[in-house]
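Two complexes come next, and they have one chain in common, chain A, joined by chain B in the first and chain C in the second.
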Partner chain A sequence: MRIRYGMLGLALMAATPAFAEETPKRGGMFTYMIPADAPPSLDAHRETTYATLHATAPFYSVLIRIDPSNPSSPTDYVCDLCTAMPTPTDDGKTWTFKIRDGVKWHDGSTLTAADVTKSWQELIHPSAGVLSARLPYYAMIDSVEMTDASTVVFKLKFATSAFLPALADPFAYIYKKEILERDPHWYEKNVMGSGPFRFKDMQIGQSISGERNAQYYHPGLPYLDSFTGIFTPKQAVEIDAIRADRASMEFRGMPPSARDQLVKELGDKIVVQTGDWNCVNMITPNHGKKPFDDPRVRRALALAIDQWRGAPALAKIANVRTVGGIVFPGSPVAATKEELQKIAGYWPDIEKSRAEARRLLKEAGAEGLSFELLNRNVDQPYKYIATWVIDEWSKIGLKVTQKVVPTGPFFDGLRNTTFDVTVDFNCQGLINPAMDVGKLLPHAVYSENYGNYEDQKDIDLYQAMLHETDPAKQRAAMREYETYVLDTQAHAIMMPWWERIVPMRAYVKGWKIGPSHYVNQDLATVWLDK
Partner chain B sequence: MSATLIDDPPLPQRSYWKIFARFCQQQPLGTFGLMLVIVMAVVGFSAELIAPYNPTANDFAAMTEPPSWQHLLGTDQFGRDLMSRIIYGARTALIVGLTSAIVGGFSGLILGVGSAYFGGKIDLIVQRLSDIVMAFPLIIMALAVVAIFGPGVQNVILAITIPLIPRCSRVVRSSALTVREMPYVDAARACGFGATRIILRHMVPNVMAPFLIMVTSFVGQAILAEASLSYLGLGVQEPVPAWGLMLQGGAEEYASTAPWIAIFPGLAIMLAVLGINLFGDAMRDALDPKLRER
Partner chain C sequence: MYQYIAKRVLLTIPTLLGAAALVFLLMRLIPGDICLVRLGGGGGSFDPKALIACHAEIGVDKPTIVQFLDFMWGIVRFDFGTSMWSGKPVATEILARLPISLEIAILGTAVAIAIAIPLGTISALRQNTWLDVAVRIFAIGGIATPSFWLGIMSVLLVLDVSAAITGTPWMPPIDYVPIWKDPIRNLSMAILPAITVGYRYAAVSMRMTRSAMLEVMREDYVRTARAKGLVAKLIVNRHALKNALLPVVTLLGIEFAFLIGGLVVTEQVFNLNGVGRLFVQAVQNQDYTLTQALVMLTVAIFVFTNLLVDLLYGWLDPRIHFA
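== the complex of A and B ==
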C-alpha cells in the first residue's frame, strides 16, 4: 500500500502544470476514449451528456468560456468568439459583446454576429419541435439582439451573478445561422463549426475523428494534426487501452482503483490529474411517506453520518473527496468548514451528533426505523455511497436495506416518488452556484427535485439569493438558504463531493483538469511530447 | 414350506449409523462432499457465534488489508472482515440454494408425477409448458424473472425456483410413467383410491431416488445461479453478505491490487458447489441398485 501511494505521489507530482513551462510541440495524432456507446445526437444544444460533448467540442466555438489555462477557477471567464469580456451596463442588465473579425466556418464562409445571435436565440427560444436542454439556466435572459455585424447584445430580466456562468456553458456551440434557418435539426446528425478541428469521420459506436483547422482564429492553435475519439463504454477496455498505449486517456474520470492499477503498472509513463468535480450525490427522503414527513426524522438521518471521517476514507475507494454543503466546495459562495460544522450532519463531535439523532428519533416515535434505500445500478460512486450511509445509519439503530435498480427504473422511481429514501444526485457543468442549488427547490419549481414537498419559504430564500448582486450579501443569503434546506428542514443530505481522477499518458501535455468533465474539451491546447 | 418360513432367521436390521458407515466406505469422495456441505451448513447457521466481526460494519482503518492474524482472509475495500462476510454469505447461499431447490424440486415432483398419472391432455399441456420454460438456460430465465420482479433475496429465490420446476418435473415424470404401469398402482385404482392418494402414497415414494438426486444437484445450481445474479448486480444487494456480491465488488476493481477480495469468495463458491455435486453423485450411485451391486 505504501509503495502504491508512493508511486502515486510521484505521478501526481509529475502531473503538475507543464502548461506554461514547456514549449509545445506541433503535430501528431491524439487518441482518447469517450466512455460511452455513442452520443445520442451530435447537437449539443439538445443533449446533456459528455458523450456528445467529448465527441464534438473540438469542432465548435463558443461565445465565452472558462479560461482553458485555468479551468479549475469557477470565475475566470475569457472570450472565445468575442474580443473582450464586457462590463455590463444598465445596472448589470445589459451585456454587449464584440465578435472577432475574420473567423471562418469550416466551409470557408465568414462567421458573424448574426450566427452568434441566432444560436443564442435558438438556445433561449428554441424553434417548435427543437429541444434546448438547459433552458432553465437562461431564465434571466430577456433578449439577444444583433446591433451590427460584429455586436451582440444580451438584455437581462434582472441582474444576477448566474448570467456569465450560463453564457459560458460549454454546450452552447455557435451554429451557422443559414443552416439553423434551413433545418433546425441539421446539427443533430451533422457537424459544421468554426472550432480548432474540422470534422473528418465518424463511425457510429466506434470513433469520431477530426483534423487540424489551419484557419483557426486563436493564433498558433491547435497543436495537433488530428485526433480520434474512440467510444469505449467498458472501463476495463479503457484501462487496457491506456496500458497498451492504444489510447492516451479518457477525460471523464476513473475510480481510485483504476488510477492505482495504472500507476502501479506504468510508473512514470502515466500522470494523474485530480480535482473536485461539480457533481455530488445526496440522500433525499420522500417527504410524502411517513415518517419522513417529519423534519426530526430527516435531521436524524443527517446527524447519524460522520462526513468528516467518512469522506477521506471513501476517497481511497470511490471517486468522492470533499465534504461540502449545497455549493461546489471551490466556489467563493461555498460554506467554510466552520460554517458547515454548525449544520446538522456536519457536527465535529459525531457522538454528540448521534446522541441527538437518537433523541430525535425517539421523540418522533421512529426508533429502530426500517426502510428501503433506492439506488442506481452504478458502482461509482452511487453504490459506495449507499454502503457507507447504511452502515452509518445502523449506528443509531436504523435497519436499512438497499434496492439497486438500472438507470431507467431508477428514474421512474424518482419521478413517481415511490421510494422511501433515495440516493439522488446533482451534477452540473460550469460552476454556477446560484443556479446549481436550484436542485433543493420543491419539484413544482425545479423539476429535478424528487423530495416530494412544497415549501414556500425555501423558494423565497432562493429567490432572494438569486437576485442579490452584491457578492457578500449573496454569500450570506446562500448561507441562510443552505441552513434552511440542510438543517432546519433537512430536505436532503449532501454526500461528499465527487473527485475527478484522470490518469493520462505522460506525453499528453497542454490539458488541465477542471471541476467539470464538460469544460475544456476542445483540444486546442493539447500537444504530444513525443 | 410354512415351517421353513417360520424357521428362517429374521433379516438383519441395519442401523442408520451402519448405512452411513457403508456409504462413507464405498463413497469416499461423496463423504468428502458431504463433509463440505455439513461444514457449510454449520458455519452458515451459527454465523453469529463463529464470525469474528460484524459482516456489515465498515472499518476505515483496515481497508483492503491482506490476510493477517487479525483478519485471517483479509478485508475488503470498506474494511469489512472477509472471513465474517464469507461465513454469513454461507447462510445466504444456503437459504437461497436450499429454498430454491426444495420448493422447485417438490413442485416439479408433484407436477411430474401428476402429469404422468393423468396423462392425456393434462400431460400434453404440462410437458409443452415445461418445454417452453426449459428452452431458456437457467440463468437467462432467472435474469428475466429478476428483471420483472426486481432484485432482493425473495425475488432471487423465485427467479431460481421457476426454471428448476420443469427440469425436475421432466425427470420425475419419466420414472413415474413406469411406476404408473405397476400392478400395485392398478390394485390401488381397483380398490377405489382417489388420484391424490395414489399419487402421494403409491407413486411419489417410488420416484424418490431420481428426485433426491435432482434436488441435490439443484442446490449446487441454485447457489451458482444466486452468485451469478449477485455478481451481475441483480441478486441480493449490499450490504447483505453474499458470495457473488463479494465477487462483484472485489473482483472487478481490486483484482490486481487486492486479489484476496476476489479469491476467497470465489473459493467459497467453488467448494460449496463441489461438495454438493460430489455428494449428489455419490448419492446417485448409492441409490442406484445396478451400481450398488458392483
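== the complex of A and C ==
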C-alpha cells in the first residue's frame, strides 16, 4: 500500500501514512459518496453488493475483523465484539470466543453472546425463506453454540486457514436475536445495530445518514458527529462533487484518469491512497466449444499475452497494476515472480512464448482462429482489458471481435455458456486465498465458474490445499493447484490484478485503504482535520 | 364537454391494459436474471440455493402465464406489486422520485415558455432580419445540442467560473431536499437541470411558435384588424398569438409528459434521484414489476396530458367544440 499526496502528475509517489502521528479531532459531519445505485436491501446477510456495506457498516458490529489500523494486511485479525483472539483447540476445529461486557444495542438493550450466536446460526443455517448469500464462505463451520451468556463456540467440520477470514467477513453483521426471531426479514428494510453510528435517516434511492453512538464500546470512538452517504452511480458526478467539496470522497476506487484530474485541479487539497485490490479479471474460454476444449489452444491464448510489459502500460489508463497468479499478490501464499515465470503466460521471453503459442495452434489445427470475446458493459477495467488482449492475440494471428453487452445479458451468456471466450471476474472481500481460488473449480462445485468443464483432478488438488493447515505445505499445495489450472489445463488466463485508487479530500483522516472495498467501512476511526 | 372527458378517461383503460400486456411480454424477451445480477453482480461467490430461493421469493419461478395473470389481476385492483429488486411497493419507489421529476418538468417547461414564446413571436414579426437569424441560430443550437452534454458543460462552467471568481469551486448540491424544507438548496439543485432541459425544449417550441405566427399573421382577420387601424401590439397579443399557440400547446404538452419520465441522462448528470433514473435502474436490474409500473405511469401521463391539451384547444379557439 502507498499513500500518495496530490502534487503534480508523476510526483505522486510513495509517502508515509501521516495520520498515524496526528491527534484526531472530535466532531464534524462527513459526507461521502457510494458509487452505486441504492442497494436492493439493507440486510448484509442477504446482499453481496458493496452498496449495502458502504451504506450500513457504520451501524453494525462484527465478531472479528481485519485490523482497521492495518487493513492492507491479509492476516491481521482483531476482535470487534470479542475480548481476545482465541487459540483453537481440538486440532484447530474448536474456536471459543468471549464476548465483551456492556455492549449496548442502539435501542439501549444489552448485546449478549445469544445475539452473536443467533446471527451466525442464521448465516450458516438460514431460516426457511431467508437468504444467506455467501454461505459457501462458511462451508467449514459445522455449528455455533452459546455455552454461557458471554461465550460463543464455533465447531468446524475440518481445520483450515480459511476459517478466520470467513469469520471476519464484513457482511457478517451481528443482529439482535429477538428481532431475528420475531421477523427474519426485518433487517432488510430497517437498521438497528450496536456499531459506532446510530441510524438517522434514509432517503429512498438517494442517501443514508447516521449520528454518533455515544455508547460505542471502543473508547473514544467514533470521532465524527454524523455522516451522510450519497448514492452517486456516475463517476463524473463524483469527480465534480469532490472538486466542489460537496462530498469528501468515495471508498470504492477511481480510475487513474480521475485521480490525475483531481490531483491537477485540487493540488495539496487532495490525498490519494492506492493499493492492490482483491479483484481480478480473467479470460475464460468455453471448454464446451471447439477448439477451446483443447488445452493446447487455451495455452496458446495464455502464451500470446505479454503480462510483464502489458501491466505497467495498462496501469496508466486502467485500474489494474500487478501481475499475479490465482492468489491475491499480497498474500503469503501468492506466487513470487520467479514462480509465476515458470507458468504459461508469464514467461519472461515473450517472443519464445508466442512462438510456442503458434506451434500449439498449428498442432491443434487452429491457426488463424476467429472467435468472439464476450464482455460486460463496464469501462473499468473490462473494456481496457479486452482491447488489450485482442491486440495481443492478433500477434499470433488470431482474429478476435469483442461483444459488449449489459450486465443482465452478460450473466445470461455466462450461465448458458453461449460464448466462445469471456472476460470473467473474481472480486472477493477479505483476502482468503483458500476460498477465493475456488473460482477455478468446475461449475458443479463452484457455481460461479463459467468455463463449462469437469475436472476431478482440479477438485482433488483444491481440496488437498484447502485442508492443509501447515502454512508451508499449504503454500506448496497452492502452487501445485495454480500450475495445474493455469499451465497444464489453462482453464483460465489471469489478467493483472486491479489497483484500488482512492482520492480523498486531505482533511479526511483516520481511514486507511485495504485490498478490498468491502472492509474497513464502519467510519469509526475517520476524523476531519478542519 | 363532461361526456367527452368521461369518454376520454374511459378510453385510457384499454390503452393502459394494452401497454401493460405489451411491456410484460417485452421485458421477458430480454435475456438475463434479476437474481443473478443481484447475487453475482459484485463478482463474489454466492450460494446456488440462494439463487433458487430468490427466484421463489419474487415469483419468477412460476409459469409466465401465471405471472401474467397475477400481474393483470393486480392492475385491476390497482395493486402494482412490489419491486423485485428492493421488495418495496412500486408506489413507494415511484412516489419517492416523482417530486424531483415533477419539479424539473415544471421548471423546465417554465424556462421553455419564457424563452420560446417571446423569441418565437419576435422572430416571426422581424422575419429575415438579423434578429430573426440570431433567434433561429439560437433555436437550432438548442435542437442540435444534446441535453446531457449541455448539462455536463454547464456544471463544469459553474465549477470553473466559481473557482476563478472566489477561488473555491462550487456546484449544485448532489442530494435533493424538498422545496418546502429548504427552498434555496432545492432551487440551487434544480435550476441548472431546468435550464438545460428547458433550452432544448424552448428551441423546438420557439421554431413552432415562429412558423405558426408567420402563418397566422398572413390570415385575413389579421389583415382586417390592421386595416381597421388596430395597434400592432394588440393585433399580436389578442388575435394572432392566441391562435398561433394551438400547435405550440400540443408540443408543450408532449414535451412536459416526456420530461417527467424521460430525463434519463440529465438526471444522471446532475445526480437527480428522479423517475428517469429509476426507469434505467429498473431495466438494468430486470425489475419487471417496477418497469411495468413505470411504463404504465408514463402512458397515463401522456394520455392525461393529451386530454388536458385537447381541453385547452377549446379555450384557445372557441370554434372548437367537444362532443
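Here are a few things to note about the model shown:
In this section, the second predicted complex is superposed on the first by the 514 of 530 C-alpha atoms of A that agree within 3 Å, B and C clash if a C-alpha of one lies under 4 Å from a C-alpha of the other, contacts with A are read in each partner's own complex, and residues count from 1 in each chain.
Note that contacts are C-beta pairs under 8 Å (C-beta built on N, C-alpha and C of every residue); 3 or more make two chains touch, one makes a residue touch a chain.
Keep in mind that what you see is a predicted model, and the values were worked out from it rather than measured.
Superposition of the two structures on chain A leaves chain B and chain C fitting side by side, clash-free.
Once the two complexes are overlaid on the shared chain, A:Lys530 sits clear of chain B and of chain C alike. In the overlay built on the shared chain, the residue A:Gly429 is in contact with chain C alone; chain B does not reach it. When the two structures are aligned on the shared chain, A:Trp388 is found in touch with chain B, with no touch to chain C. In the superposition on chain A, A:Arg243 makes contact with chain C only, not with chain B. Remark: in the superposition on chain A the angle formed at chain A by the CA centres of chain B and chain C amounts to 40 degrees, rounded in steps of 10.
In the superposition on chain A, A:Ala313 contacts chain B only, with no contact to chain C.
Partner contacting the larger number of chain A residues, of chain B and chain C: C. In the superposition on chain A, A:Gln261 contacts chain B only, with no contact to chain C. Legend: residue contacts after superposition of the two complexes on their common chain; A:Gly205 is shown touching chain C, with no touch to chain B. Contacts of A:Lys399 after superposition on the shared chain: neither chain B nor chain C is touched.
In this overlay, which is a superposition and not a single complex, chain B and chain C have their closest Cα atoms 7 Å apart.
Shared interface residues of chain A, touching chain B in one complex and chain C in the other, are 236, 265, 409. Against chain A, in their complex, chain B makes its touches with residues 56-58, 60, 63-64, 77-78, 150-152, 233, 237-240, 252-254, 256-257.
Across the complex, chain B is touched by residues 1, 4, 236, 255, 257-258, 260-261, 264-265, 309-310, 313, 316-317, 377, 379, 383, 386-388, 390-391, 394, 401-405, 409 of chain A. Chain C makes touch with chain A in their complex at residues 30-34, 36-51, 53-54, 57, 85-88, 92-93, 96-97, 152, 155-156, 159, 162, 168-171, 173-176, 268-271, 273, 277-278, 281, 284-286.
On the side of chain A, the complex with chain C involves touching residues 33, 37-38, 40-41, 46-50, 129, 131-137, 188-189, 203-207, 228, 230-234, 236-237, 240-241, 243-247, 265, 279, 406-409, 411-413, 415, 425-429, 435, 438-439, 446-448.
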